[in-house]
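Next come two complexes, and both contain chain A; in the first it sits with chain B, in the second with chain C.
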Partner chain A sequence: MMTTRILEGLGRLYIFLLLAFLYLPIIIMALMSFNVSPFYQLPFEWTTEWYASLWQNDQLISATWNSLEIAIITTIISVVLGSAASLALYRYEFRGKKVLQALLFPPIAIPWLITGTAMLIFFFGVGIGRGLFAILLGHVALALPYVIVVVSARLQTFAPELEEAARSLGANQWQVTMRVTLPWIMPGVIAGGLFAFAVSFDQFVVSYFLSTPGQTTLPVEIYAAIRKGFTPEINAVSTIIIVVSMALMLLTARFFKFGGEK
Partner chain B sequence: MAGVQVSNVSRSFGAHKALDNVSIDFADGGFYALLGPSGSGKTTLLRQIAGFDFPDSGRISIGGESVERVPVEKRRIGMVFQNYALFPNMSVADNVAFGLSVRGEAKAVIAAEVQRALDLVQLGKLGGRRPHQLSGGQRQRVALARAIVTKPRVLLLDEPLGALDKALRVDMQIELKRIQREIGITTIFVTHDQEEALTMSDRIGILRDGRLVQEGPPEEIYDRPKSEFAATFLGDANIFRGDSTGNGIRLPDGTAIAAGVGAALAAGAKASCAVRPERIRIATDGGASDATNANMLKGQVSKRIFAGNNSTYFVERAGQTLKVIVQNTGADRLAEGQNVVLRWSPESTVLIAAS
Partner chain C sequence: MAVEGAVASRSGLRSALPLLAPAYLWLTVAIFLPLSAMVFFSFMTDLPLSGKPWAFTLGNYAAFFSQSLYLTLLLASLRLGLEVTLWCVVIGYPAAYVLAKVLKGRSREAIFLLVILPFWSNGLVRIFSWAMVLREGGILDTALNAVLPFKINIDLMYSYPAVIIGLVHSYVPYMVLTCYLTLQAIDDSLIEAGRSLGASRLQVLKRVIIPLSMPGLVAGAALIFVPVVGSFMEPRILGGRTGTFYGTVIEDQFVAVFNWPLGAALSFILLAVVLVILAIASPVLRRAA
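So, the complex of A and B:
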């Protein structure tokens, strides 16, 4: 009895420390975005001044919109292409399939610094150059393997008889996919989409290489702002983004049980 | 409704001949069992009839129409899968409605047809449930309702009762047979369970290594098997091997066994005799023969297995173990180690050409 109680206490402490490790820096940053002192000085004095001045910072706001736009388009493109690719890899046997599957994984492991350099050289070579379109292309290329990995993992739990049953009932390939297969892999598609969104929205290195001054994404803009001199506006914009993205995550987790069977 | 003709169908996967020149005529409205061990080609044959896979050669027709190159979704068949394959993201009613819905039927028509199909399988009130909320037997019924609601020309069942426990399986056998009679649909049923094949079907086709071994009504196959394999796969049989005497065989030790049914074989050819265990009478040694033309062998009981309504005796003779099943009539049971005499009539003995 005594030992189980001690173990239970240790378990709780462990979880508390883990959560503290994950969230403490974020909480402090969020608090400081409401602190009067721009230099993290205590005592804490409440203000929304930084949020107000953030509203005046056109550069930061336009970078935020760029980031959101690119992340959303990246998500849509990579989810559609990635899900279709996963279905093809699941359903069909074709020459070179094994090689293709093997080659899908390394891009995840290649450092972004190297991918970014390679993309910059390549885009210049083919005449695309730098800019928002180049960033979008780069992000789709980075996000695609994640979507394929997640959707393919979900497809592994799919019973192929379900497609056969649907066909035996007269459904054509499109009806089978839309009404039987897609509903089953939906949690994988959503999770893959979240990955794609995160890869794009968090992306610094590749965006930095491919952006032109003035036409850039939020992480690059934040980096530039910090180099010029730190302002609590950065805390403010970061806090807004964290709140929005956590709400998005929690909502998704609420509606789709990731990896759940039912 | 329609009959199904399979003519000279062959199908290979690499070097493996899954189906080797199989021809069967499935009569309109009949209940047909395809029986065989795993790897015998019975499921491959069912998938050819369904249209999931196409034969390398040969013809398949449904209702007189050639279909061997028609994909499954255009064949108008109904199929029940081994693990039911119910769509987990849909309610029971939506599962049943699927076939009508992809066809673009009107909502009101679909609702009425679905209700009728669910009533037929006695699940009229469970339309709103999800598949995972149903028991195995209920899922089986939903799968059946889903397969027949589109009024297919033929119903294909791939070991549909394999996942159910024994008691439920017997219930479902009766139920399936009732529904099949009620709608009169040609039904082809794949199973490896010989009892199921015997009790349910009008005709049985036995497959082995991709070939059709024997085909006919269950009584005919049971009473007059044409091969040792058919004799031992459908039911139990004692097999004696020796040389044909024209109307029986002579065992290597000189004992003659008279056969009243089976193949007509020239004397001297290698041949076998098959005798069902329940056709043999067993008596203690020294008892008088009660029939002049009875086959007779002496042996010793090595084992007795009591199963309530009957007992199985294993009797040793000349290096062979024979199986005898005796109904529990209240007569004295024989002890292990006892010397016995086995007698059976030539009419119970089937002469089979050596395979």
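So, the complex of A and C:
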């Protein structure tokens, strides 16, 4: 009994250390964005000038708008197309269904370096070229499998008898989908949409290969800035991004249980 | 029966097609065709775009096999992937165990969310945050010198350990997630039965817990190893001049040297290596599913 309690205490301490490892660098980065010294010198002196100077940086602001626009359009397209595909995979039996489901995994499993360079070659070859449209094409393709997996998981909890009942009461296919099925899978659709937004908004590798100097996204702009040298402005914009994306995932967690337990 | 089934499946496809086609068309245009095009380009001497003459060649693959540089870098990347994966197992597995078997109720839910939260946040920013900690005059340096009575210089920045630390930080939540899912599914009564039959804690761990959670370990390892072998941004930012790996060489072909056919060949070789690794891991994963 005694040893069990000691071991459990050590386990809790271990989890605490892991959380410190995961969060300390981020906290330090955030603190440094409020520090006066441009060379990250201590002692710490409070300032918000680095955030203020972000507003003067037109390049960064236009990249931010690009990122937001692409993330929002990616979310809308991938949620609509992904939910439709999930419904089809749930409702109908046909030959090749297993293959279609298996095809969702290469986009998730293949390193983005390979997908990104392949997109660059292909888009260039067929005349789409680089730029925001190419980035959008790529982001939707990366987000779609996540949406389909998440919505399909929610559909597993749906009772098909409900659709049959609605149909026997005279509803047509469209009414059944809109009034019965969609309300039930809504939490899955919202979670899928939030995943899609996160995949697009945080995407660096694929955007990096598909962007041009004028048409770029925020992570690509940050990477370029990091490679020129570290400045507190990078800390400031990074802090904003990490706060936004963590808030987004906390929101997602309200709709989707990551642990799979109910 | 068989005829009936075939008819049903054909009409099923007809109803499913309008719903399926947009999504799969998009995946085809943006993922599957590009991957095929990459294979095609890797056999060309030059891009057939700007009117330049081109021909089919095996030269890009010959370059990989004749110059030991590429093979050396691929091996370096594979070693990096192996080391990062091992550290993730060592750090992540015990954490997953504590989460699944020690913590209970709301505190478990909250801590689980805290562990996997960073993994969905911006990877580039998290790598950058380590630069703040690891550089000379950074937090680690300052903190250690404040505590220790003698002066030491901690400057891990732009070194191999820095790349390892950054990558482990990026990927350890994967391992916690996959191991937690399988550990959670192990019935506590199995562990109690083992203990009451006289097995020590270590024996229960070796004979019951680790074998039953093996699918989670393999899934986590595959999910970590594959992207790490193809990483280029992390070694660039944290590794500096020591951060030349297979991924950074591919990046160079596309953004600096502009030898796209060679880049395509190097990418395709990496894809082949990745597919072999996933194929090796898949029997264990299928048994889990």
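The criterion applied here is as follows: the second predicted complex is superposed on the first by the 229 of 262 C-alpha atoms of A that agree within 3 Å, B and C clash if a C-alpha of one lies under 4 Å from a C-alpha of the other, contacts with A are read in each partner's own complex, and residues count from 1 in each chain.
To be clear about the criterion, a contact is a pair of C-beta atoms (placed from the backbone, for glycine too) under 8 Å apart; a residue touches a chain by one contact, two chains touch by 3 or more.
Predicted model only: the values in this text are computed from it and were never measured.
**Student:** Does the superposition put A:Thr115 against chain B (first), chain C (second), both, or neither?
**Tutor:** second
**Student:** In the overlay, work out which of chain B or chain C sits against more residues of chain A.
**Tutor:** Here the partner covering more residues of chain A is C.
**Student:** Under the stated touch criterion, which partner chain does A:Arg95 make contact with: chain B (first), chain C (second), both, or neither?
**Tutor:** In the superposed model, A:Arg95 contacts chain C only, not chain B.
**Student:** One more residue to check, A:Leu18. First (chain B), second (chain C), both or neither?
**Tutor:** In the superposed model, A:Leu18 contacts chain C only, not chain B.
**Student:** So in the superposed three-chain picture, is A:Leu251 touching just chain B, just chain C, both, or none of them (first/second/both/neither)?
**Tutor:** After superposition on chain A, A:Leu251 lies in contact with neither partner.
**Student:** Of the partners chain B and chain C, which touch A:Met178 in the superposed model: first, second, both, neither?
**Tutor:** neither
**Student:** Does the superposition put A:Ser238 against chain B (first), chain C (second), both, or neither?
**Tutor:** It touches chain C, and chain B stays clear.
**Student:** Quick check on the superposed pair: does A:Tyr223 touch chain B, chain C, both, or neither? Answer first, second, both or neither.
**Tutor:** A:Tyr223: touches chain C, not chain B.
**Student:** Sort out for me which residues of chain C touch chain A in the complex.
**Tutor:** Touch residues, chain C against chain A: 8-10, 12-13, 15-17, 19-20, 22-24, 26-27, 29-35, 37-38, 41, 47-49, 91, 94-95, 97-99, 102-103, 109, 111-118, 120-126, 128-133, 137-139, 142, 169, 172-173, 176-177, 180-181, 184, 222-223, 226-227, 229-233, 236-237, 247, 250-251, 254-255, 260, 263-264, 267, 270-271, 274, 278.
**Student:** What residues on chain A touch chain C, complex-wise?
**Tutor:** Touch residues, chain A against chain C: 8, 11-12, 14-15, 18-19, 21-26, 28-29, 32, 40-42, 81-82, 84-85, 87-89, 91-96, 100, 103, 106-107, 109-115, 117-125, 137-138, 140-141, 144-145, 148, 198, 202, 204-205, 208-209, 219, 222-223, 226-227, 230, 234-235, 238, 241-242, 245-246, 249-250, 252-253, 258-261.
**Student:** List the residues on chain A that touch chain B in their complex, please.
**Tutor:** 159, 161-162, 164-172, 175, 179-180, 183-184, 262
**Student:** Which chain B residues qualify as touching chain A in the complex?
**Tutor:** Residues 50, 52, 71-74, 76-79, 81-83, 85-89, 98-99, 102-103, 132, 146-147, 150 of chain B touch chain A in their complex.
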